[in-house]
Structure formats: structure tokens, C-alpha cells
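Two complexes are shown next, each including chain A; its partner changes from chain B in the first to chain C in the second.
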Partner chain A sequence: METTAAGYRGVWARLRRNPMGMIGLIMLVVAIGVAVLAPWISPYDPHAVTRVNILDIYQPPSPAHWFGTDDAGRDVLSNFLYGARVSLTVGFFASFISVTVGGLIGISAGFLGGRTEGILMRFTDIMLVIPDLPLAVVIVALTKPSLTNIILVIGLLGWTGTARLVRAQTLSVKQRKFVVRARAIGAGNSYIIRRHIFPLVLPLIVVNTVLVISLAILNESTLSFLGLGDPATLSWGQMLNYAFTRGAMSAGAWWALVVPGFGIVWVVLSCTLLGQGLEQALNPRLTTHHLAADRTLKNLPRWELEPTPVEQAGNV
Partner chain B sequence: MNEPLLRVRGLRKLFPVGRRALGRAPDQFVHAVDDVGLDLAAGEALALVGESGCGKSTLALTLLGLETATAGSIHFEGNDLAAAPASVWKAARRHIQMIFQDPYESLNPLMTVGEIVAEPLHVHKLAPNAAERRRRSVAALEDAGLKPAEHFLARFPHELSGGQRQRVAIAAALVLEPRLLVADEPVSMLDVSIRAEILNLLADLKMRRSIAVLFITHDLGTVSAVADRIAVMYLGRIVEMGTVQEVMTAPRHPYTQALLSVVPAPNPRLRRQHIILQGETPDPVKLPTGCRFHPRCPVAVERCRTIDPPLQTIGGTQAAACIRLDEA
Partner chain C sequence: MHRSSYLAGKLGWAAFTILFVIVLNFFLFRILPGDPARAGIRDPRLTAQAQQAIRERFGLDQPVINCFESLNPLTLGNCAVNPLDTQFFIYASNLLRGELGISYHTNRPVLDILGERLWNTLLLIGAGQVLAIVLGMAVGVLAAWKAHTPVDYTALGFSLLAWSLPTFWLGIILLFWGSTYLGLPIGGKVTPGMVYANSWEQLADLARHLFLPSLTYTIVFLGEYMLIMRSTLVDVLSEDYILTAKAKGLTHFQILKDHALKNAMLPMVTIIALNLGFTVAGAVQIESVFSWPGLGGAIFEAVNRRDYPMLQGAFLLLAISVIVANLIADLLYGYLDPRVQAD
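Entry: the complex of A and B
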């Protein structure tokens, strides 16, 4: 992928014309809004200490509990709204770690080349072939299952794709003449990376971040579903875990499974749509050559687009 | 004679061919630059002429330290840069600047013209504050013929024409007030109508600022507009050197003669007989024995297969590398 002369300024305009990307963006904004506003919009406080009445367990949806109650008699809707906070927190922080590590390794490997590149990329390959999930399960099982640990494990296992993408982009940017020119001026490596490589790799990193967020949220849900989540928090994955292990299926309490599942699908779908929309908005194949910039053509008066009588005569 | 600004002796740049086997030195090389020597005085313009693949651009990149010389010396203002550590190079780069062939690729698309031109000042920490940087950028842009400079500072490269972009590249090279400007085919990507402007600009800068120019081109027609002297390069080696006057009117090396014979002459009555070279340029990995031009040379004799002629002075400042100079 390559950023063309239009730079970043055309990206928003192109994203706005991409319906899928815009749907993804709106969905993600809604999810973030729910997570931020959870304490104000939740009908109940999931952390409140209450006496559980046996009759409250797995109550079907009702005006009091729109999406029913769970295995502990808690309001599923409130759990769901608060769960958005956990899932998004893990998603953002873990993908931040992934993208930072992957970006650093990718840029270093691509830019420095030679032996450094060989070592870094072989390390990446090794990390890539190790299946993430079983390793994550082992690590989380061996450490204390806290939210921080989960974020670290997901973040530090998920950077390989980013590293490879960023390296490829760095290699192509490095070959461009303005990098050679910067070197001829006398610029050092760190300056060239900061000023010339990074700005052109950044769009790719942004797209990748959005896609990695969805992966991180899926991973967190998986770990939590497998019972490796932080017991002090209630993420969507844990809601599924509790519902699954505590008889929601046999009780016919579909709401306890469908609602958190819907949350996961919503956020993962929003990130994927937004990521793909951004990718298309940044894709050089869809951008036009500087001489064929559409806005200048559109503003031309009609007579400039049509051949003059003299030109027409010349063609005969 | 005073020490010239740039003195290159025995410069070699070999590129190993193919993948190197583990622990074994490569045995085949591309002889991109093979034993090149040249002098360039302050304020002098030397045109380096040759067909594509003859090593002109590699020579330029080696002079700028973007490629490491395999052997030989590059004395710039008395310091040998070929063996110099990075710190000496960085200091020297203030005084040696380069203009690239392709003005569409050599400017960062995400930087404004102002940022591009001020970048060298930034890198060398030469301007204490933004106002000073701006003042010097504006001066450089105006010197490069972009007036009014303020009009261009905030624009991006894609908003400019090819000629304007090349002027921006020239301004960015000028802002450090270099003593040597290496221009690698600065006009070959530009429209013919703009070429003359850029060539005149280079000639003008050379005169007014007494900047030495190494002007690399494959087009003999553009040489006399800028250069004082010509060096003709063939397969990594300089085969003829002299003033523009000497070489253009009385070329001595058969390769130069062939090149000049096909330059269109303005006066059709003076049209020379075209010498069309036969065959392809030899593989720079497997150089011919003896004179490297002999397989294509129209006047080659048996001795040319064995004797590799050095560059020898003919008289005046002209020199050529051919064993048959005395006979011709």
C-alpha cells in the first residue's frame, strides 16, 4: 500500500463515500459510547451487592429486565453495557501493544536490513507459526488471570501480522527517491524514519490497528469463555462462560447467551468494516494520477473538455 | 596548480553478482565504476556523458557517499572522503548536494514545499529559529526561480508541475549554499520546453554563486548549455576528457566520435556522417580483454584486444584512452 500525493487529506473524503466503512465507524462509535456511558444508561449496577433470590435466576425478558437475568439473578442488559467497557479496554490496549511492537519490529527490520532484518524476521516467523490461542491459554493459566495479564498476553502474541505488513511497506518506502535524497542531504537514520518512513507507513498502521482491535476482542472473549478471564470483571466472554457453564442452555435462557454474543459480533464487525473501509480509502489503486485529479476536471468549463473546431479539423 | 575542489583518483565501485555462498567471497562483480579519476575546480562545471548503464549514476552516488567506494580516493577540499568516518561525511554533505533525475519521486509527497526546502537546514541545525529557516528557504526558492516564493511555501509537490518540482529540488540543494552540486540527469524527465529553463538556471547558479557542478547526462545536446568540460564514460571508465570546445569540435576517442556523429546538427549542410556502433554494450560483469571498447570500435585493430589503454593527455587539456591516437 502506498500513500499517494494526495496524502491524508483525501482519506476522510473517500471514507465518507464508502458506505461499509461509514457503517463500521458508526457502529464503533456507538459501542464506544455505550462503554463510556454504561454507568448512566444501565438500569442496574452489576457490582451492587444483592441477595439473590432463587426466583430471580434466568428470568426471561420482562419490563423490569429487558433482556432477562443471568445465573446470579443480575440484569443481563446492565452486564452487557458494562461488559462493553472490558471488551473495548482489552481491545484497545492489547492492539496498542501489538501495533507498537509490530510497528517497531517491522520498521526496524525493513529499514535497517541486513542481519538485523534477518534476526527480527526469523523471530517474527517463529512467533507466527506458534498457535496464539493455546499459548495464550497456557500463559494466562500459569499467571494470575487479571485484566492486565490478559491485555499483555494478547498484545504480545498478536503483533506478527503487523510486523510483516509494516516491514513490507517500509521496504517499498525506503526505495523511494526522497529517502535517498534525505540521505544525500546528510540526514541520519532516526531522522529519516521519523520524517520520511513513518508518515508513509502510518496509514497502514492505522488500518492494521483497527483490524487488530477486533482480533484482540475476539481473543479476550475466547480466553474468558474458556474460564481464564479476570474474575473481578465481567466481560462479554465471561458472560458467555457463566451462561454456558451454569445451565443457561438447559434452562432455555437464550438471552444470557445471545446478548453478549451480539456484543462481540457488533464490535468485531464494526472494526472489520471500518478497517476495510479505511484500507480502500488509502489504497493507491483507487486514487487517481495527479494530472487526472477529478476536482480540477469537474470544474473545467465545458468548452475546455471538448475539442475546438481547429483540433477537430486537424483530426480529419 | 591549486588543489581542486574535488579530486577523484582510481575510484572503483564493484557490485557482487548473485547470492553470496555461505562464508565464500563472491567471485563475479559488476564493474560499475572502474578506475575513474577526475578533477573539478571550484565554480567549474563538468559534464559526465555516457549511455545508460555506463556507471554515471553509480559514480554520482559514490561521490555522495550513498554507495561505499570499493577502492580509490575522493578528495573533497583536501579531505579523503572515501575512507572517512560518518562524522566527516556529514560535514562534507553540507557542501555537496545532489539533484535527482525524477522530480516526481524525489520529493516527499506529504511535505510542503517550505518543509522540503528547509529540511537540509533542519538536518544540519543551521538555522536557529523558524523565521531564519523561512528567510533562507524563501531566498533559495527565489534563486531557483520560483517567484514569489511565499506563494509556494505551503503547497504540496503534487500541486506543482514537473519543472516547478525540479526547481524545488534545486532550491533544497541550494539552501545549504553548497560548493558542489551533483545533478544526475536533472532534465531528462522534463518536457523539452522546460529543459532549457532548468539548464539555464543551473548555468546561471554556477556563474553567480561559483558552485561547481557535476552534470550527469546521456544527452550530448544539453552539455554545452551548462558545462565547461566533458568527461565521456564507457563501461565504468572515462574514455575521453577535455573542454567542451575541444571534445565537441575534435573528439579523439572513437566512442566520442560515434556519440557526436549522431547528435543532430542545426545546419543540415554540415551534417556529419553518422557512425552507428554495432552490437550491444558488453556485459559489465565479463568485461572484454584489452580495450573495453574494442568489440564495438569501428577502428579496432588486433592490438586492441590485449592492451587496455590508459587516459593519456593529447595536448591542451584533452585526454583520451585509445592506443591509436597517434595514428589518427
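Entry: the complex of A and C
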């Protein structure tokens, strides 16, 4: 396991030199910080019982309400800061489900092969071709639109991509000499999966998780916008649903429409940047070519010249 | 020999997937807590007679399927019910006759409504996708050719941002901007009550309505197509035969056009096919924001009106469209790349 730990230190070193990945990481940390600190940094408490005057509705930004008020006279900034909690909760839990299911199916299919693989991958193909969003809409519309249901539906529909990626990686790791050697010595399936396959598939799963989080957050906001959000929690999608269906457009209340969307873009962009950065750090690809102007060895980024952590770990 | 077995395999697989969706659709609407028999038909707007009529028409008073009545393992052996009387058989035979039920909201056959709406969705998706594919490929080629220059970084930054935008939110922002500053219509496909002097005027009105939804579509998908085109082309341009072509003294334009692009096209076809699910998700969001009368908008309206037959029909039709489009892409891929069929 020594080499794997060294490999992860190598990944961190590469990630630190990758501006895209670092920007994403910082943006994500800021978002998590806002979600955790929401009760302390929000100017108003969104759950407080307040008396609403008709003049409070869709108030433009002012010193009292930096981002104005919404359709119920509530402070948009406070709702926005609390909304980070809902979106991140859904993102993390739903992607945990997706990645667990996808990882299990991918490793089983790739490692066991044969008929198991055939059945699992055929099932994955079917789930891949059925459009996710309409299916999620149907299921949430027919069940109670609670936060738990939304997490379950998004999580249980979002594993297909992970399963295919993990299977491909498992197949290639399975062919490595050290796995063949371990098998020759008489190591059992579960030992090989635990000691040899899983550590080498894990980096890929980590990158994939970051990207699945962004998809889950996009899906949650879409479901909430379509009117299928949990009425008890105010997510960014839900804020947009209220603003859009309750006259923000005709009232010219751009603040109620722009601010929640900004939150979604911030979190999704942070995950996308971090995911791309991690991917380049783990699996550097050639980025220049024969027609490029700067095709010299000196100009190649350093990480293109070093062995990747996966290659290092493979040389055990 | 290969060609016909490839064709048969793909056709059979698509048929099986459609069958799976039909069965899934049946069970979703009967097993989940809000099924039509319990929730939809007990709509307070329906009279008792109407409720009974719907129940009989769709056989909702019959057992769900033979032997699996209420899915109780203890009654598995008692298959006293005639299979022709089960709900599943009624559902399947209704489906074969194109009977998708009556919309609760409009009181018209669901199939008629969705049939009209399918064309609107195809028009919107067609306009948006064609623009996104053409522009995305063009910018992708430019970014790959000029890799690691400001042009490349700008294109890369734009596509990452476009990928992170929620489609419906981009639609809202464009709608706000377009209706406030450009005087564009706030939704729908035609101006209600408009009398057109000639068909040019009618076409112009349609174009004004189509502009913002298809612009949203284009922006959302442009980034992804650009990224794929760029990374594929960078791979192709690193091949040795490109160096050979360069050594022969061909210009960059000739190399790109005759040597690189042809080989970079195949992954694009795969990505466009794999993207169909997202295309449909985009249609649901864009049509909801712009009140575009398509299949995706039907899903939004059905959810908000608790119009279950409409929701079921729209889901079924969307899923089948994606499967059929996937089949077409597969066949196209086999035609473009003969190696695929040899596998």
C-alpha cells in the first residue's frame, strides 16, 4: 500500500500545479463553507415566522435586502445561503448512491466476466438509453416529493456512466501481470479485488464522483424547478420555480431569477473544474500535436513527462 | 452476411428495450403510491360515474397481472384469473391500438395531443442541435488546431461554463433579456389570435418564437460538442500519418480537411447518439420555460395538472423516440465505419 499512498501524494502535487483543478477546489470549499455557516452569515432566518406586507413582495435590492425579496417578501440572500445546504446535501448523498451502485456493478461485471458481465452490461445499456429526466419526473410525481425521495431517485438513476467506466478500468487492471501472478499463487477473488483491483480503480471512481455530484445537483435543481421539489425545503431550484411561476418575470424582479441560478452554476462549475483537474492529474493525456506551434519537449508541462500514479502503482 | 446479422441484432435489441420500457411504464403507474387507480381517478373534479367509467375502460377493477395479484407470494399458486382479463393485457392491447387514454385536463385522446406535439419537439430539437453541432465542430476544429493559444483557452472556458449552466435557468435569463430588450414573444409557438397576410408572415412569426428556445439549446450543447471535437482532433493530429502529410508539404488546411477530419467524425456520431437522453432532458426544460407546445412541455404541464394519462403517454413516447433515434445512430455508425460490423 506504500506505493498507493505515494501515488496519492503525487496526484495532489499534480493537482496543485493544475490551475483549473485548484480554482474548482477553492470554489467548492467556499460553497461548503457557505452551507455550513449559513445560520451565522445569513442576515435573516428563512424559517422565522414573519408578517408580510404586500409592499415587501419583490422589493428591489436595498441595504436592508442586498439581493431584494422574493414572492413571499423573504430575503433572497438568506434563502440563497440556506439553499446551498439543500443542493450540496442532494449532490453528495445522491452521487454516493450512484457511485456505489455503479462501482459495484462495474467491478463485478469487469472482474467476473462471462454471463454475469453480459447480464449486468445489458441492463446498464437499457438504463443508459431510457431518458433519465422524464423517468425521474414520473417517479417523483407518483411518489411523495420529499428530499429523501429526490436523493434516491437521482442516485438510483445516475449510476450508468460510472458502471461503464469502472468496468473498462477493471478489465484493463485484470490483465496486469501482478493480478495474474496473485491468481497463480492462489489468491481468492475477494482478496484480488480488495488488494489489487479496487486500489487501482479508486482514483477513477474519485474523479467520476466529482462529476456525478455536479450532475446530481443539476438534476435536483431541474426537478425542483419543474415543481417536484420538497415543499418543506427551499433549494435553489425551488426558489427559481417560485420566482418563475409567481410573476417575477412580469414584475421585472431579475434578482429573484438571477441569484439562485448563480449558486447552481457556482457549484456545478466548481465540480466540473475539479473533476477535469483531477482527471488530468491522474491520467495525463497528450495535449499537443504535430500541427501545434510549440511542439518541443521543453514546452511540455512537467506532468506529461512523469509516469502517472496508475502506472507507478502498476509496477509493484 | 455480416451486414444483415448486424442489422438484425440492433433491431432486436431496440425492440427488446422498447418492450422493457412498456413493462416499466405499466408497473411505475400501478405500483408506486400515487398510481392512477388510487390518486388520478380519485380526482375531486371527476364525478363518481366518470371515475367508474374510467376504471372500467382501463380495467382498473381487474387484477394487475395473472398470478401476481397484489404481488403477494402466497397467492402465487392461485391463478384462477383469465389472463385476458388482467390489467396488463388490457394495457398492452390498448397500446397496440394506439390507445393511451384520455387526458384529464383537455378531455382529448392523449395520442392525438402528443402526435401534434411530437413535430414541435422535433422542430425545436432539430434547429437547436443542427446549430450546436455545426458551430461546435467548427469551434472545436479551431481550438484543436490552435491548441494552447488564447483562442483555445477562450473556447475551453466557454464550454466548461456552458456545461455548468442549468438549461432551464439559461432559458429564463434569455427569455427575460429577449422579451425586455428585443421585444421577442414570451412563449408559445405562434402569436395567439394573429391573422397572417401570407405564409411568409406566418413563417416570420414562427421564427420569432423559435429564436430564443433554439438559442438556449445551441448554447447548452455547443460546449460539449466543441470539447469532444477538440480532444478527438488533438488525438488524430498526434498520429504519425499527420507528420507524414506535413512532410509532404501539404498545408494545414489540406491536412485538416483531407486527413484529420474524416477520422475525427466517427466519435462525434457516437457522442451525438449518447447525448440523446440529455437532448430530451433539455427539451423538457426549454419547452417548460418557453411554453413551447412539445412533448417535453407536455410532461411539465401534466405534472402540474396531475394529468396522469398525459404524463404516462409523454414518458412512453419520449423513451421510445430516444430508443429509435439510438437505433438509427447505431445503424449510421455501422454504415460509416465498416469495421464495427465485423466485430
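Please note the rule applied: the second predicted complex is superposed on the first by the 277 of 316 C-alpha atoms of A that agree within 3 Å, B and C clash if a C-alpha of one lies under 4 Å from a C-alpha of the other, contacts with A are read in each partner's own complex, and residues count from 1 in each chain.
One rule holds for everything that comes next: a residue touches a chain if its C-beta (ideal position, glycine included) is under 8 Å from a C-beta of that chain, and two chains touch if they have at least 3 such contacts.
Not measured: the values here are computed from a predicted model.
Novice: Please work out whether A:29 is in contact with chain B alone, chain C alone, both, or neither, and reply first, second, both or neither.
Specialist: Once the two structures are laid over each other on A, A:29 reaches no partner at all.
Novice: Looking only at chain A, is it chain B or chain C that touches more of its residues?
Specialist: C
Novice: Considering only the touch criterion stated at the top, classify A:52 as touching first (chain B), second (chain C), both, or neither.
Specialist: neither
Novice: Using the touch definition from the top, say if A:183 reaches chain B (first), chain C (second), both or neither.
Specialist: In the superposition, A:183 contacts chain B only.
Novice: Taking the superposition on A as described, I'd like to know which of chain B and chain C A:41 touches: first, second, both or neither.
Specialist: In the superposition, A:41 contacts neither chain B nor chain C.
Novice: After lining up the shared chain so the two structures overlap, which partner does A:200 touch, if you call chain B first and chain C second: first, second, both or neither?
Specialist: A:200: touches chain B, not chain C.
Novice: So, A:134: does it touch chain B (first), chain C (second), both, or neither?
Specialist: Touch status of A:134: second partner only.
Novice: Please work out whether A:119 is in contact with chain B alone, chain C alone, both, or neither, and reply first, second, both or neither.
Specialist: neither
Novice: Could you pull out which residues of chain A sit against chain B in one structure and against chain C in the other?
Specialist: Overlap of chain B and chain C footprints on chain A: residues 290.
Novice: If we count contacts the way the header does, which residues on chain C are in touch with chain A in the complex?
Specialist: Touching chain A: residues 13, 17, 20-21, 24, 28-29, 32-35, 39, 144-145, 147-149, 160-161, 163-169, 172-173, 175-176, 179-180, 186, 231, 234-235, 237-238, 242-243, 246, 252, 255-256, 274, 276-277, 280-281, 284-285, 288-289, 299-300, 303-304, 311-312, 314-315, 318-319, 322-323, 326 of chain C.
Novice: In the complex of these two chains, what residues of chain A are touching chain C?
Specialist: The contact residues of chain A facing chain C are 125-126, 128-135, 137-139, 141-144, 214, 218, 221-222, 225-228, 237, 240, 244, 249, 252, 254, 257-258, 261, 264-265, 268-269, 272-273, 276, 285-294.
Novice: Could you list, by residue number, the parts of chain A that touch chain B in their complex?
Specialist: The touching residues are 3-8, 176-178, 180-188, 191, 195-196, 199-200, 290.
Novice: Per the contact definition, I'd like the list of chain B residues that touch chain A in the complex.
Specialist: Interface residues on chain B, with respect to chain A: 64, 66, 89-90, 93-94, 97-98, 100, 102, 105-111, 119-120, 123-124, 156-158, 169, 172, 176.
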